[in-house]
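You will see chain A twice below: alongside chain B first, and alongside chain C after that.
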Partner chain A sequence: MPDQSLLEDLDDDREFNVEFVGNFGRFVSFGSYPVDYFLTSLSMKQAYSYLHFARDIQMEDINFDLLMQRDIDEARVENEIMPYLKQDSGATSTRPLFFPPLLAAVVPVEGGRINSLYGSKSIQEVKPGFSGVSWEKHFQVYGKVTDKSDGLNLAPEIPGAPKIKAKQAVLALRTADVNDGGVMLVVIDGQHRLRALKRLMDENSQNIKDLILPVCIMYPPNSHSGVQDPDTTPSIPRVFRNLFVDVNSTMKEVGGHFNILLSDKNVGDIACRVFCDEVLKSYGKEGLALIEWNTRGKKDAYNVTKKYTSSSIGILKRGLEDNFKKDSYVYRLLKITAGSQDLFPEGADDDEYYPKIKWDKFSYAQSNSVKKRVNDHLVPFLLRLYFESVPFEKMKKVFLDEIKALKNQSQKGGHEGLNAQAVLSTILEYKPLENKAAFKSRMLDFEDAVEERRSELGLDVLRYALFQRAVFQALEKFIELGISFSVSPEKSFEGFLTLFDWIFENNASVFNFDQPYMQYTAFLQRSIRTREDTKRSFSDVILANLLREEVRGEISQLMCPDSTRLELDSSLRDEGFRAAGDLLGRYREERKSLFKKNFDMDYSLEKNERENLKLLEMEQKAAERQVKDGKKEEHTIEKKFDQKVSEYVEEYYVEAKVAFRKSLNIDGDLLEQDDETNDDLDDGAEGGED
Partner chain B sequence: MRSRFWEFGAEVEPDEIVEAVEILLEEHSTGSDFLVIPASSLNALTGEKSAYLKSRFSDVFPLRVPVTGVYHKSFFVFLLAKVLGLSEEYTHHLYDEGDFQSVMNCNAGKLGHAVNSLEESAKIWGDYGDIVSFQLEDLCDLVEELSEGDVGVILKRNIRKINQEYSFFRDTLYGDNVFSSGELRSAGTAKSLLLKWRGLIGRRVNTCYLVSPEFDEVLSHIEKLLSRLNGDKTQINAANYESGFWSKLFIVTSAWYLRLALIQKERKDFYREFILCLVRSFELALQASALYCKRAELVPSDGSIIFDGKKIEGCGLYISKVEDRKIRTNLKTGEDIGDFVVEARKFLSLRNHSSLAHGLLDIDRENFNDVFSGTKAMISRVLEPELLDEFNFFFNNFKLPKLNEALMKAFKDSLTTLL
Partner chain C sequence: MIESAMSFRPEDQLRIPTRAGVYAFCFNPFRKSNLGLFEGEVHADAEIVEAKLGLKRKLQKFETLKSKFSLTGRLDFSNPYDRLQHTFQGTLIGKAVGAPSVDLAMLSNEEFLLYLELAAVASPLSQPIYCGMTVEQDLRARYTQHLKNYELARQRTFGGRLAESGIAWPDLTFVCSPATFSSNSEASIKMLERHMMFLFNPIMSVR
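Right after this comes the complex of A and B.
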């Protein structure tokens, strides 16, 4: 029996300050990484104070893992869950309500940051007959020791670890709100339910004071600092991330961006995730606010939906996946060779380390290395493109200027200060904007200001997802071309950026919707045509700028400073011609098919022209019917309508061609690569032969 | 003195060019000689030689895109002469096997004649006259028939666009806005404004390429304004009569009426309507002020204007409100207001005594300018600065470039196809 007075002394400095009683269990299947859990119940009052949202943790140096976890879809809370709980009172006597248990993770927190591991794990006898395991300074699980076969071993990997009666266990926590460096219970599934409950508590706690919540608390017992090799041990954030996806994807779709961010399954998804991490590290919250990463709608996930952002990780994912999925690119971009020890260690088991890595096929053991390679070799490209290239840099500046204005205003206090503060925390902290007219109007002002300045700088085209995906497509051309000249992807990327920057410095209007060649190929009047061809058109316009000698020279010099420079230069020029030709070819086809469809609504044609076309169309259709019915031979009919359409389209085509040539500002005919001209003067006016 | 164009049609060796030019200008020099030469040939010359060429000709035109075919060449030179403002009596010579040969093309003359006669008509009947519009269509046909090569296609497209834009302007912006008598009776002032401008913007869709960027900007402004006046995005015809942007739409319309008055004045045969347009412009400016200072409101059912709970109609009543200082204006002192009211009432009585109001006589054409500038000055005095800025912006841009300027621009633009 320990000395009573000693116990009292200990009481002041207890390691753990909260205890729950419940059932202990373990989830392991086919050798999976073990996760232990603890089922218990919490009164609303306890839930209110002990269960946290990830976003409750405020910190300066926020990391992306946490940012992601803490994102709550307030609309769902307000429109679905709260109304469910607030069934109208008349029906309460007959209408039962229930929530499945909340799932909360035991998260070690220190100085506001998630620790990657728990404190080291050890066996402890808590009191006679009661034994358990504790993770130093974090938490402890114990129960009555038993020898029976239904007893559960708390730590099977430790020799001589006790078995306890699983059905009567105690979970003791050292909570972070009392002791810094302790743990928090962070809800990873059911945070919307919890949010709804907390909001109802705030409104009127009387209505839900009798509610006792079922809660399942979980933790990976082996992720602790006492392990032999902490580097290969799955970190706590990572384990929970995996569980978050599994739990949510089997129940309902996590939705939109979260499916990308929470997946480790392919290089594209990892790149998005690492990209966000790095953006936050290098450019802070302001930088991350420029990239949409927490959109939940499936369709919106692949577009730029906010007025002030420059891109979305959905676009990034698609841009990468559409162009760089091929094995050869995966190996080159990530600098993987057959001898890469981190991925293919000698003598490793083929099941554990796949002998061949693909875009979406690598083992769990290899995924850390893949992630590191993505971080080292791929993400720097993306950061430069989205934050340092000429147009995106301008966009960033516009945004930061307006943020600065908000910050200045928020410091002034008063109503204006409050409004500015609310807008700032929506943009930078992702907190929902309260439904107040003044807040909304300040937000609108902010958005309008960003939009207006962006337009003035000629950057509107950047915001189209299809344009950004076209950028990746054009980049792929560069890398492909680079490979055939043995140029590294880094160099090819530099080459591409040179072109991209040059265009936006010198010729940004080349993408304007009012350029005749952009109509039909990418735009219809002022709206973009949402189809894959639009992407090709943008990419062609980017690449057609290679016809400009000055920028092409700079690029070939940069990529191939040696003797092959001229060869590369001419390949780049060919690519420029190819792109220009493809764009114009596409223009002709599209113009023709839309002209046929819409000529009777085309008021740029005179009324009599429209009528004449209509007549020709009817005649031709009638003749074609006769051919079909076998009354006429196909070669006997004249396709006058088609001919007339071609005449019109030819005119539009020339207009588009001329405009394209002008906007590229190049000499010679755009479609004739050969400099020799065929002068068709019948009297042979080519002078200079003698 | 006749101007002459000397052209090297294809690439020629640098020495040969210089030699040919030396011989040419030794033989006959008129002081109005122009050189047309492939850009690549010109670039191949040394600095000294190209400076020599430039010094010997009035101007040198390097062709960046090869012009093929003799008709195409002569059409190009015709455009060049037109843009340079030369008389049609120029000559064109093409270098061929060591010598320059004359090129003939009488078609270009036909086109030149048509352009001149169109410009004359515009001078007499104003740019928006019916006769001018017929002639513009004829010109389109003629260009279609005569133009050659890419440069011809572009000219054809450019002239068509002018025609299209002018007809949009004439028929849609300043044309009739016809509604059934029921619709007309049920539309208060604000609603009728909305119908007019929505209709206009709706028909704008097919004129994506505008000759005048300023006019385009005006239309974009109106489009934005209309979207702010729409109370319910799901319903096209819904209007939010509580919006603070209505005063802006009134100002737009006021500026539009003033411009219409000016167009009527230029068309000359519509002098009766001239004075009515001025009064409408003036009245709308006062209404805009009343809405702007939030003294007047719009009735949610039909968009008519109420003042202190009562509907008011008629320009005279608004003048009284200004006099009683019920409408806040830019007139600060009692004296300013007094002067303004006297002038405004005089102006109104002019309308009341004219033949389309309650009299039988009309204003003498010689007084047009005075009345017009008097009205514009009154509006400028009464509007508060923000409204006045808007008013001026719209008034200044509710117009197209002069027809002759637009045509000249079309010629120039077509030429840059090759230069």
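Right after this comes the complex of A and C.
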């Protein structure tokens, strides 16, 4: 919707097509890289046409910080800002409303991509008595020449540059929508406000037609192609990335994933942010699109909510936090020792450099080193797990194949091309999908295609948050064993990944919901049981695969030198038995508990069986009431109902155990374990033992 | 019949017997993995330098702990020609002898690694820093209680004192002698603890 009033007079020969009148100024402090600005006001019509969102332009070297700040919280726009602007509508308006100025950057754009520098800078006399500075083919600032002391020099580095009256300057732009290779005004602070205003314009422009927006337009005047050494000159993207992150990093109203990403208070939160950053660097936007990182709802933040994603940073955070908070793990995983000079410099003050680092306790001075260690030692493993391990690599391939199909389609043009482009923008650029049936239909097709192929590959279990958290729990066992054998965390990771990959290459059906042992322990029919025990069950099934000699041998060889290999092999086998036994014990308990609750609706039992059970239950309850009333001693009552239930459950148990042994392909028997043998440690008496 | 004490590293916690008995904590700063040197790895020079520095710091902390004694007293000076009594009083701050850690830099990388191998075997010879006994509680539960006190830095506990000293829990070895007889032998266990205190003089036990 270009501003026709300005375009009508546009002469084809003119270099610039839009002009704003306002005040010119410069921000420079202690030798900082100068940023010039221009304060002006825009009508809503102008704002709609000329102000753009950061996500509207593509950047070659976008990093995760910038991507995160570009994300627009549509719920906040709809539920907070739009209602604010709409209040008092219909009534006699007495309530004043105001927005602080939007901050917009002058960004050179070509072919939808941001250029690194403005055109060459030069002094120009625009008309008699008016002089200014032009950045070739991009923009110009000029004003009335003055010799007075309050005049501002537009280009102090150019000898003889004129001084102008700062309060009556003109900013002329060659806009990219009319001239490719021109500039765009990209809002770097206030994009939620702008989004709300644009949506209100779409709804009914009459209601805000009188609104004139305060806008501050900024640009780095020295980032132009005429500089002596363009390689050492800060590029436009770099300058605005810094400013963009600076002005947005103080945002307070965040939720869901943003609470994690904006926190640097503990190792888990730092790991999530560094992980996203590294995913973007190593696997590009396509890779990052596989990880959910910008969900704002609290509950959704800890699940996989999109059909095409592999995981979510909420799961990552919980997986790490649930298992690796212990000091010994923090030290091992981040390779911290008493001799780590970066964290514990010689002679450092204990308040500035804490002598002991914990998961959520390190000083500001230590936080950069912690972040670096997370980047160097922890994140490489997470990348391997989520992008290179057998099952996640398959998921990535399915996703990339479908993205490729979308890209091919988008290049063909036509309606189908437009639909594909809209879906790509939503998935890779995080732009909201417009409310058009064709777009939505294409998105559904994309999601269905990903889902179908994933199912065919037997990867559905990966999408459960509880399964992914179980992966971390099983990994913790490897780290623990590694510590016990003085093995580096890297080797423990490798050992774990060897097992994980082996399972998905050779025995992926071990997790299927229709396996008898997975029922009650993790699933009820086809539905997953959303509770912590399900996580334990998945973890136990992963670790029970250590009973397979072929993979265990490979892991032992990888993790340990000759001298301790047999011992490690034996420990891994014990862990496999422990895990299998725990799962079977859990199966029996859960089966029993649910049988008791549901036997009267269990039509696999004969009617007389159900009635008999009901009778026994009533008798037992009556006897138990007498015990509670003190009329009988507990040891005198017969628990015939419990006994009968146990008889039934024994049959199911044997069936589950046989199936589990078959899944694990082992000849020996499995020993069921009681929960009490889980070695949950007693906290012991409280203090004061001296 | 158990003929020698059983020793456990922190990662062996779940193997500690669930029986009564006497126990001690020994300081063992020599474990390679706690210094960042893992089994089966080729160690880079920088890793060995860091390990030396780490061990030096551990030994210095122990030295500081051993130096935590002082002598406070008063001396009365009398002179047959002076009727006034002169008194001298004050506190002498303790200083443990020797600072072995500074010598580490003299060792080449190979020598240092050999030194650590030898130290790993020699560490059972170390003097306990804390001795105790359990009768009602079992040894594992008592160990866990000490660990929790350490993690929470609880005042007036061994764990709290250890945390304050800067000595890291992973640098301890738990040595114990579990009772093989019934717990009515409380008197034997208590007597043995007293004798252990006398013989080993553990610097972090409160007597």
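Definition applied: the second predicted complex is superposed on the first by the 439 of 690 C-alpha atoms of A that agree within 3 Å, B and C clash if a C-alpha of one lies under 4 Å from a C-alpha of the other, contacts with A are read in each partner's own complex, and residues count from 1 in each chain.
As a convention for this text, contacts are C-beta pairs under 8 Å (C-beta built on N, C-alpha and C of every residue); 3 or more make two chains touch, one makes a residue touch a chain.
Owing to the predicted nature of the structure, the values given are computational and were not obtained by experimental measurement.
When the two complexes are overlaid on their common chain A, residue A:159 makes contact with neither chain B nor chain C.
Judged by the touch definition given at the top, the superposed model places A:669 against chain B, while chain C stays out of reach. By the document's definition of touching, neither partner reaches A:630: not chain B, not chain C.
In the superposed model, A:414 lies in contact with neither chain B nor chain C. When the two structures are aligned on the shared chain, A:661 is found in touch with chain B, with no touch to chain C. In the superposition on chain A, A:96 makes contact with neither chain B nor chain C. Taken together, the two complexes place residues 679, 681-685, 687-690 of chain A in contact with chain B and also with chain C. Of all the residues in chain B, the ones that touch chain A in their complex are 8-13, 16, 39-40, 64-66, 68-70, 94-98, 137, 150, 153-154, 156-157, 160-161, 164, 203, 205-209, 416-417.
Chain A makes touch with chain B in their complex at residues 514, 516, 519, 525-526, 601-604, 606, 650-652, 654-655, 657-658, 661-662, 667-669, 675, 677-690.
Of all residues in chain A, those touching chain C in their complex are 327-328, 331-332, 335, 337-341, 344, 355-356, 480, 483-488, 491, 560-561, 564, 679, 681-685, 687-690.
Residue ranges on chain C touching chain A, taken from their complex, read 9-14, 31-36, 38-41, 49-58, 132, 137, 140-142, 144-146, 148-149, 151, 154, 156-158, 163, 166, 168-170, 206.
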